[in-house]
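Here the structure is laid out as structure tokens; the discussion comes afterwards.
We call the chains A, B, C and D, going by the order they appear; numbering starts again at 1 in every chain.
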Amino acid sequence: MAMTLSEKVLARAAGKDEVTPGEIVQTEIDWIMTNDATTHVSIDIFEQKLLKQEIKHPERVIWVVDHNIPAESVETANVHRKQRIFAGKHGFNSHVGEGICHQLLVEKYVLPGQVVIGADSHTCSHGALGAFATGVGSTDLVGAIREGSLWFMVPATLKFHLTGKLREGVTTKDLILTIIGDISANGANYRAMEFSGPAVSTLSFESRLALCNLVVEAGGKNAIMEADEKVVGYLRRNRPQGATGVVLQGDQGAAYEKFFHYDLSQIAPVVACPHAVDNVSPIIAVEGREIDQVFVGSCSNGRIEDLRILGRILKGNRVHSRVRLAVSPASTRVFLQALEEGLISTFLEAGAMVLNPNCSTCWGGCQAVVGDGERLLSTGTRNFKGRSGSALAEVFLGSVYSAGAAALAGKIVNPINYLGL
Amino acid sequence: MENNLTGNAWKFGNNIDTDIIMPSQYLSWPLEESYRLAFEPLRKGFADLVTPGDVIVAGSNFGSGSSREQAAQAIFRMGIRAVIANSYARIFYRNALNIGLYAIECPEAEAIIEEGNRVKIDLDRGVLLNLSTAREASFGPFPQNLRKIMEAGGLVEYMKKRNHQEAR
Amino acid sequence: MAMTLAEKILARKALKKEVAPGELVTVAVDHTMTYDLFCPSVVEAFKEMGFKQVWNPNKIAIIFDHLVPAKNAKEVEHFKVSLAFARAQGITKVHQHDGICHQLLFEKGYSRPGDVILGTDSHTVTTGGVGAFATGIGYTEMASIWGTGEIWLKVPETLRFEIEGELAPGVSAKDLILKIIGDIGHAGATYKAMEFGGTLIGRLSVAQRLTIANMSVEAGAKAGLMAPDEKVLEHYRELGITDFPMLRPDPDAAYRSVSRYDASKLVPMVSCSPAVDNVMPLFEVAGEEVRKAFLGSCTNGRLEDIEMAASLVRGKKIHPKVEMIVTPASRTIYQQAIQSGAVAALVEAGAYVTVPACGLCSGINGGVVADGDTIISSNNRNFLGRMGGPTARVILASPASVAVSALAGKVVDPREYL
Amino acid sequence: MDYKGRVWKFGDNIDTDVIFPSQYMLLPTIEEMKVHTFEPLVANFHEKVRPGDMILGGENFGGGSSREQAPSVLKAVGITCIIAKSFARIFYRNAINIGLLAIVCNCYDEVHEGDVLSVDLAWQIIEVEGSELRFGFKSFPPHVTQMVAAGGLIEYINGSGR
């Protein structure tokens, strides 16, 4: 029977010839990621409730400290220490302060065709590599590290057929926000979101990661895209042995629950307005609103491509006096690349705060948050009430173009007009 | 200026620094919340034990470290009216008197006062009397310019009065 | 009458021919500094006192550094209150995320040689390194200065430190001031001014002089002073500032004591929790495991500190068990350290760089230390609970010692890595 | 097994940041975290709630992050059962994994805050006390039923003899 790409990855991992939506499969897990926001919860479950305290494949477990780093309180420091001791005792791969977990997994671990879980909802990002990747909670994580496998219900797939080309000043952030606005915050609940079509080849690998990153904001279980030459090329350049994984394709005639067609040339800058990611509006509808802080970073838009765009916007300019601009590169590698290209200097000259690589404003638990009554334009992932600091703040999500333009203008503007693109 | 203070003694050692009196983590909190956490690294829950009018008796270099006035403010807020120490770090001393907390320098106090003793401070005569043991020690007068501020009830009151007079 | 440097400055500002220790003088304040954490309290006291207008908006610096980048909405309130007050009063020397207050007082020329500088921070003594009488006060007192432009000060006695000779490679001004604090104790200079002179001081960079002055408060000092020289002049000339006196202590000034040091005999020193005067040669704790390493603060977050650390870790890897945090003391320093390649060397070695601010030294953010963990750190205090839990251990050391210990995963002597 | 409790009614899209804000996630234990439950929406929820209370949500309950702290604090403050028009996937899975009942049921419009509900798991029926209202709900998938019966995923693993 013809299978979608998500089905093929799951079938392969479960050792089955075929799987169908709704079927429960137990599959081996290639990578299990846990970060400092929840690892302590898993440790308590593991140590207090599990009878047989074993870890099947510690070499497949990746522990990342990226949410509250540098530690901002004694409680956090002590929790980090507890996690560090656990990770050390069991021999996990450990990354402290090297960047955001999802970016590190792209730089170092995940390959096409693999099954990946992470105790973080934005684990869906890795779909851009042609992997099946999804977020789980702390108990599932304990089950997975204990057993080396986990059960999944095979999701039905929503297919997003992409044609055309994004115009300058519009990014995949605008595209995915538009899609989320169209299908709503639970429009893809339990579903795989597959992105395909002739437009895919026009999108850089990094911009695909940004696209896949936000599918959970529509409730999606996973995102998935075929790994093409751009993905394989990235892996060849960045992985020590040049491993490129198992590149799978969806079958002709596979059954999709629903088809959507997006012509990328028709996508315009949009923002997600407070306090829901699906509260999407054309940016021109909210133009003129004053902004107190702008954030560029996160697993959504903190990669080198994003920093290059910001660098072009800020070069030779000063950030508006009303605005705090916080920039957090997604990883050490991204930071070093940006350093080499002179981008960090450009940001500092323009008056930005350059934060160490971490989740930062997007997460709101550690640094660069907003206060009561303030308005934030963020390239991050969520704008829920209280997400980036005060519950009385307003958070708008937008592309790095929209963020850069707002940082200069001190208010929300249409980046295409403002930047003369 | 009040001439006498009477209260029960709480004893601390040498070098009680400002990070002990008011840990950095709580500096951005309103005093109404933060004062309850004063002395946390050393004596958790101290504020709950204090009865208004109590005094602190400590060793040398009390209040060393940072300039955070919250240290003096928190002690005052929990009801302590006077600190008696061998010596003070200078910024704390200045801060204390500026807010109306008596900072009394009396090296003999440590030897004659035990925790829980009832202590009477005679500010006019410069005498400490341990009411529990009837032992006495003396201390020097406050500098003249500080007396003016203390008589006004602290620097805020002093400036308020001054500005009020100027306005008239 | 012959006067010490502190006495000369205070006499000049009190418009007197001479002053003597113990004398109370009322002086005109040249510049004040207050920061995010306490600014709202100053504003509140200022209003409560009945003041309407600050005495001179050009002499007030408001600097955000302790709460940058803010970790919660409460901290952002401090920014908002401070900015609103600055706007209303026409205060323009406002720095929202440009670095640590003491560094900016120096870097921007707000504090000049011969000035009387008051700040709501004990490390305001830092610019004594360029010959300012700079000292810390509480926020209530700052409110009264904002209103009146003056303050009463008791003229302090002065302790003189004559330091001759040269520092050995791998030994820095930080080791020297730790040694002095260990010798005289945490209260050894309480209410007194420390005055540093001798041939070594002239050889030291201005940055290293600032390090020494910065930590004089850890011995209780009211001020830590050095006479300005050509190197200092050069810094202010670059800023276009020339209107200050080059005051020097009189050769026959009366000091409470004079201590002499031969710097060439100095070895790397450390200070271990829970007190800054718990000082010993580094080899006493050599081999002790460290989990964190912090390079930054108003003590040692300057360009040459960062470059020193970078030169030691370049091409090597920080020990995998160590989290190394680099927090430049100012935006300008961060930019210069990028230009010089120091940032790249440190990050390639495995450190990460945070926003220029107080960072971990304040204990409010920046990498707080867990109970039971040990940090080797270039900052100025190791009090119980300041930078972490009550049982976190803080070892204060020079930037070089911090860098090599981060590589080794334990305390090691930088001279072995040169 | 039957559950009975008073209802707290919420709207659509109750996300995980509202149930449990990010800034408290690194507190050491669930006991210390639970006092911040629903903090952006209901002040001191943990004091107002009574053991056995239930939550009634609209569409997409628990959307957003994968934080298991969200269902865990709800369980810790005494909530036994969440009934919603629909759940976000990860939240649903997390709730079941920790033995907190998550039931999809179309009773939203007719049940009000403060109503007392009885949930009969075996017969898949929810009744509103003091009224004639009865609502059915779909059974759990077989795989999930085993886990619910065991009291959660860990209990299921512990009992499986592996």
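Before moving on, here are some points about what is shown:
The working rule: a contact is a pair of C-beta atoms (placed from the backbone, for glycine too) under 8 Å apart; a residue touches a chain by one contact, two chains touch by 3 or more.
Predicted model, so just to flag it, every value in this text is computed and none were measured.
With contact taken as defined at the outset, chain A and chain B are each touched by C. Rounded to whole angstrom units, the spacing between the C-alpha centres of chain A and chain C is 41.
Between the Cα centres of chain B and chain D there is a gap of 52 Å.
Look at where the CA atoms of chain B average out and do the same for chain C: the two points lie 28 Å apart. For chain D, the set of residues touching two or more other chains reads 23. Counting partner chains per residue, chain A has residues 73-74, 76, 78, 365, 391 touching two or more of them.
Chain B has residues 25 in contact with two or more other chains. In terms of inter-chain touching, the protein chains here are arranged end to end in an open line.
Which chains touch which is summed up as A-C, A-D, B-C. Note for the complex: chain C touches chain A at residues 68-73, 75-77, 79-80, 96-97, 320, 323, 325, 331, 334-335, 338-339, 343-344, 347-348, 350, 352-355, 359-360, 364-373, 385, 388-389, 392. Only residues 15, 17-20, 23-25, 27-29, 40-42, 60-61, 64-69, 72, 87-91, 94-95, 98-99, 143, 145, 154-156, 159-160, 163-164, 167 of chain B touch chain C when the two sit together in their complex.
For chain A in complex with chain D, the residues that touch the partner chain are 24, 36-38, 40-41, 44-45, 49-52, 67-68, 73, 75-76, 78-79, 82, 118-121, 123, 135-140, 142-143, 146-147, 151, 153, 185-186, 189-190, 216-217, 219, 221, 276, 363-365, 382, 384-387, 391. Here chain A touches chain C in the complex through residues 69-74, 76-78, 80-81, 94, 96-98, 324, 326, 332, 335-336, 339-340, 344-345, 348-349, 353-357, 360, 365-372, 374, 389-393, going by the rule given at the top.
The residues of chain D lying in touch with chain A in their complex are 13, 15-18, 21-30, 39-41, 59-60, 63-69, 71-72, 86-90, 93-94, 97-98, 141, 143, 152-155, 157-158, 162.
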